[in-house]
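The next block holds one structure in the form of structure tokens; read it before the comments.
Should a chain be cited, it is by its letter among A, B, C and D, assigned in written order, with residues numbered from 1 in that chain.
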Amino acid sequence: MLHVKFFASIRERVGRSQMELPWAEGMSVAAALQAVEASSGVALRGQHLLAARNHEHVTFDEPLADGDELAFFPPVTGG
Amino acid sequence: MLHVKFFASIRERVGRSQMELPWAEGMSVAAALQAVEASSGVALRGQHLLAARNHEHVTFDEPLADGDELAFFPPVTGG
Amino acid sequence: MQVRVQEEDFDPAEVLAEKLPSACGAVVSFVGTVRDYSDASDILALEIEHYPGMTERELRRVQEEAARRFDILDSLIVHRYGNLGPSERIVLVAVWSSHRAAAFDACRFLIDVLKTSAPFWKKEITPAGARWVTDCPGCRAGTRHGHVHPDVLQES
Amino acid sequence: MQVRVQEEDFDPAEVLAEKLPSACGAVVSFVGTVRDYSDASDILALEIEHYPGMTERELRRVQEEAARRFDILDSLIVHRYGNLGPSERIVLVAVWSSHRAAAFDACRFLIDVLKTSAPFWKKEITPAGARWVTDCPGCRAGTRHGHVHPDVLQES
């Protein structure tokens, strides 16, 4: 199982702050994003998007492990 | 008349914090410094020395006017 | 080194007074506040969202990088989230060092890197409605930068 | 813009809280404190001498130059004189600006220029006795710099 979180404009676009996704061997962040799009019916690919795996910034080719916390969010604007 | 002030290590070297000097037409800061040395018997030329005229940094060729406040001091070390 | 992520306001003096290493000669601090304007429209308030857990972790990572890069004694980051009105404090970054050059460099490094890596997002509440701040300098300049655009996933 | 030259201590929080222009987005401040060591010997205290009148004038001049060079809203300099013990505050420089880059640049400019032009002199009181701090970076480097050496008066 993957625990997926959404923040800021991505959270609003998806319409929820989190979802669970089935995990599959060899799954990357990009594959999980496709699963999010399929599950929510919302296209995210045109957006400026960052991903984090277990609280660390990762690129979209990062492989995932069962139980990971995955997050999608727009470029950060803190400070 | 010139009102001459000394600060920090220069004050201690001269042995006083101020003196009055007669002013002469065409007198420069360098000439005033020579007069200070003659009057105090203390050589200042080997020192790292700055000069100010009426509260503004000046170079030693700056001409002086009657009644000026002149100051000699070492490089500043504030902050 | 300390990181605080909190909803409540903070008193810069109080947090700075808590720590002063004895060999310290310089303290440089940066306080970011809510401006009452942004581009054309008036800002009534700012909503700051964060990612609990990751935000703290990322701020600590940035702090550790600053400690490696610069000759400093200590650093502190305080960042707020939630609803903030005009001129309220958002963030405080402070650096203690024996010498001022390292303190200035490290403080600037911390706030610059924090702004591009710590998961905080700002939403501006204006008379015309609410909108997410989407200022990404890298996107604007079109240069290679911190985040991947999914529309170029195939290339990466 | 404000300059304060005073013997008594100051509370950075209090002086910073007094002024906050409404368009302000960034406050950068520098606080310089007495270090408890300098080169090899321990510092028991610092005596700071100044030139009443010229010191204030020179600080205001530096402030005006910063206001011309950088896009800032306000600045403040507080500098103490007299007898200061280890870890006591010596100087505070603060800059208010809409954007942080200008605030950092102006604050650094103010403290750098202040250190080479404002008439303050430090005397270190150590267990081995008192000695004037004679740190002139220009003299050390042998480069052309802010003050004239009387031993080269003939050349100038």
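Here, a contact is a pair of C-beta atoms (placed from the backbone, for glycine too) under 8 Å apart; a residue touches a chain by one contact, two chains touch by 3 or more.
Note that the structure is predicted; figures quoted are calculated from it, not measured.
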item: Identity of the chain that, by mean CA position, is farthest from chain D; value: A
item: Interchain centroid distance [CA atoms averaged], chain A/chain B, Å; value: 73
item: Mean-CA-position distance for chain C and chain B (Å); value: 50
item: Whole-Å gap between the CA centroids of chain C and chain D; value: 27
item: Residues of chain D whose C-beta touches two or more other chains; value: 32, 111
item: Junction residues of chain B, two or more chains touched; value: none
item: Listing of all chain pairs that touch each other, if any do; value: A-C, B-D, C-D
item: Touching residues (chain side chain D, partner chain B) in the complex; value: 32, 48-51, 53-54, 57-58, 79, 90-91, 111, 114-123, 132-136, 138-139, 146-151, 153, 156
item: In the complex with chain C, residue positions of chain D that touch it; value: 11-14, 16-17, 20, 22-37, 86-87, 98, 100, 103-104, 107-108, 111
item: For the chain B and chain D complex, residues of the former touching the latter; value: 5, 7-9, 30, 33, 44-52, 55-57, 59-61, 71, 73-79
